[in-house]
Amino acid sequence: MTPRRLGYDGVVLAAPVTVPYERFSTRSAHWFLGRAMRALVESSGLEKQAIDGLCVTSMSLAPDTAIGMVEHLGFQPRWLDNVTFGGASGMIALRRAARAVQVGDAEIVACVAGDTNQTDSFRRGTAAFSQFGQDAVYPYGSGGPNASVALLTDNYMRTYGAELADFGRICVAQRANALGNPQALFSKPLTLEQYLKSPLIADPIRLYDCVMPCAGAEAFLVMREETARAEGLPFARLVGAIERHNAFPDDPVQDRGGWIVDREELFAQAGVTPEAVDFVQAYDDYPVIVFLQIEDLGFCGKGEAKDFLAGHDLTTTGSFPINTSGGQLSVGQAGGAGGFLGIVESIRQLTGQTVGTPVPDAKIGLVSGFGMINYDRGLSTGAALLAA
Amino acid sequence: MTTSTLGSLAALVADLAEGNVEVVDLTQTLAPDMPRISLPPEFGQAAPFRMEEISRYDERGASWYWNNFSCGEHTGTHFDAPIHWVSGRNLPDNTTDTIPPRSFVGPACVINCSLEAEQDPDFLLTVDFVTDWEATYGRIPPRAWVLMRTDWGKRTDPAEFQNYDEAGQHSPGPNPDCVRFLIEERDVLGFGTETIGTDAGQAAHLRPPYPCHFYMHGANRYGLQCLTNLDRLPPQGAVLICPPLKIRKGSGSPLRVLALAPRT
Amino acid sequence: MTMDQRPHRNPALPPRRPTTPPILRSRFALGLTAAAASGRFALQECLDCGAIQYPPREACHCCLSDRLEWRPRDGAGTLLAVTCVRKPYETYFRERAPWRTGIVRLDCGVSVVAYLHGRCAEPPARVRVRACLDRAGRAVLAALPDKDVTDMTDDPLMREFSNSPKGRHVLVTDGTSEIGQAMAIAAAEAGAETVWVGASERWKAAPGFEALSTIPQVTLLPLDVTDTQSVDTLAGQIGGKVDILFNTAEFHRTHSALSRRGVETARVEMEVNYFGLLRLAQAFGPAMSARAAEVPTNAVAWVNVLSVFALANYPSQGTFSASKAAALSLAQCLRAEFRPAGLRVLNVFPGPVDEAWNQTELPPKIAPRRLAADVVRALEDGLEDLFPDPVARDWYERWRADPKVLELELTA
């Protein structure tokens, strides 16, 4: 029996910040990261140099990495990490930062994710995303995740009998959630009929199944609870966190993620069950991925997400609130910040700092990440439980 | 030099200036599609004329146009030196650089065989034909060029010029006795034709094979091939000018062949 | 020449410029293309544990061995998921969207993303995967129906991978040889719209050459590849129309370095076999590149009839081998320069061909008609290298195994 790993006792998250999203930007990723750091300092009231740990996520920072940002922004951290795991970056950054403050390698770690979006940057990004992608996916014209996830979706629908409307319900509910969020790029309601009539992008995926790439940044601080109290910062506690990479490599087509392997431990760390979760911030680059998370994190059995979700109101004030800020499907996907969106929104919900509609009496939130379609499937999964 | 010699050259210059003496170009234009001698494939082959541009007012040379050309010594209108044939290989002054220059200028006797060649492409010039011609136009003087007119030079289609079939080429030339007659009885400087060789197309089957080459060069005499415009020369009275390129140990060379002919 | 009866391009519209799919691959992935270039589908197999690898990699995903070897596979598998890509990013794909791709689970245990032939059934369906060269000359996988795979070119997607003479204007550079005549006949039989056949020194009346003109599509034209002016003249006449160029011009003698005094015969070999290719490339290549996306027919391919002796010198035909090696090297350069336009260079490496200059070679010798038929099929299959006969394949395998050992065998 493997020894249980150390819990995340005493680790908290604070200072949720968002640099407003733009569809396209002439600014560089450096600008968005700089604005996010400034917002962290201003909203926390901390001295700039009190931030002694930095974890940077950006997909458009090349040729720079975290170390380049340290000099660019004038920090002298004693702990530094560069985390680029796509949609799993937020989970992984959080876990790294939590361990750093837990053992005292750093006092206050800023986790920051920001990306720019220029007119051709998405194509260029997908062309060189990974070696396997360049060798075995991009030459098929299916550059970027659209076609890859379309194949997963096709397989999932064939295997479990899900229909487009099942996916559409998520998109429609999240759009409703977004209407309360002034930072969302989509600000008009979406009906299921509109969803079903939206243009096909890669069958069966339609336009409203896809996130809109944009520019923006998300950031938060990780510290020990006593530090937050001493600085007078509202905080959310980290009560459980997992990650897993390249789970189930022998599955012919991906229809499950690494969450299954670790979910038991996730809830055990927090000492709760899925029923105790008040809201879920699921990684929603496509609705089918939300299905996988709902199933693989234990809210329902494999293939049952359509029925489970159909049985709930998914809006912020509903019975099973999902992506309460609107999620990436309505807010936009600001590159690596997409994997931070759910964490930042969870901190807001759990600390009473919501920009949009609050989840009533939220005590426990689950955040999940998914990323790195390196070849034909997403390799990295992660999840965290946060508590008020 | 005598005064009269000077006077005759001056007269020539005056005749040229006044057009009394015409300069006739007996040369085919050197071009890649100019027919060339083609031996059975096991033999070495004369290279055809080829021209490659060096520059043409472009990035290879902004203000000038020029070419490299390549060809065999026996390509186009060309001169045969005695060393060309095995029978002449040990003779003195037998190469293009050592032949005495005076051999390049001499009287031209033009024997018209065009009717016979048209009727029979394998026509062979005989001693009788030559002596009959002499009966009409006068005896061939010593050290003269004998030119066999066949109007072959008017065949602009390469296929007609080559006149090939499964047996090879069919084109006129002299017979062995005729060649010996011209050398031994008339002391000619050389023999010239409009066809691709001084010998007939089927001369490989004569005894000896290629008699004009064999006897002419064996007697340190010369050959000219691929001439044209022979119909513009009188049977007697023209002067031939045919200096080959001064190639060291050359067996022949393409050249410009001119004739001075009284205006008709 | 009569007027081309098919629809003509509207001359008022801008020309359609050639685009190509992504060309970048890792070095270790190029083994897939190397095999596909000669029509084989191969995957890496671990020599230590036997695991099949895909996508290509540097270490075994099971036992971490670096002893991975490309080995032929039959490509049998099951189609599991399908999508139809409608909004791609790259221009090449945008011009061709939509098309279908899918995930195929090969029986050997790996999942591959592949293009789908239009007649593949809905998942789960049995399919056969093969590796094709795309317009960038890089291998992509295509799933074909398990049974009754007939004409690859009846599918619009598969047509992208094919360089069939059907409906195209082709030039055979020398029709005086048996190979050239067989090539002209095969191109006409494969449905070429026009077959121009060149000949140098037509007065030589090569047997069989004039008879070509009885084929309706055939037009005989003067062309001497040793003569730049001749090549340029012909390019001026038809260079803007040639879709496939079959370079059959060849000067073949059987001499070693010492058996033929002097360089003149070897020089002619180079003039025809090497410089001839260079002259043709300079005269016809740019216009063909520019027309790689032309409608209704586009330039697609350039065929070089080389020799397997280009790979390693066959001493009894030593200078001929050298000239073919030079031509091969130049063909590789041409291939690189044609890449941006998507033009395929098909190099053909026959062993001894059954023709007069190979009289003393022992059988097997490939018949010119058979060679021509194989070339047409290689074009239809989109190949880049063709080793058409047993001798050629034997040499190629030895050469691949160890060029030095092959040299030692040949110089014994």
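Labels A, B and C are assigned to the chains in the order they are written; within every chain, residues are numbered from 1.
As a working rule, a residue touches a chain if its C-beta (ideal position, glycine included) is under 8 Å from a C-beta of that chain, and two chains touch if they have at least 3 such contacts.
Values in this document were obtained by computation on a predicted structure and should not be read as measured data.
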item	value
Shared chain contacts [subunit B and subunit C, defined touch]	none
Chain whose Cα centroid lies nearest the overall Cα centroid	C
Mean-CA-position distance for subunit C and subunit A (Å)	49
Separation of subunit A from subunit B, taking each centre as the mean of its C-alpha atoms, in whole Å	93
Shared-contact residues (touching 2 or more other chains) in subunit A	none
Of all residues in subunit B, those that touch subunit C in their complex	31-33, 35, 38, 41, 44-45, 47-48, 50-53, 158-159, 161-166
Subunit A-facing residues of subunit C, complex	21-22, 24-26, 29, 54-56, 61, 80-90, 92-93, 96-97, 99, 101-103, 105, 109, 111-115, 123, 134, 136, 138, 140
Touching residues on subunit C, where the partner in the complex is subunit B	201-205, 222, 224, 226-230, 253, 262, 264-265, 267-268
Subunit A - residues contacting subunit C, complex	122-123, 126-127, 131-132, 134-144, 146-148, 150-152, 154-155, 158, 199-205, 249-250, 252-253, 375-376
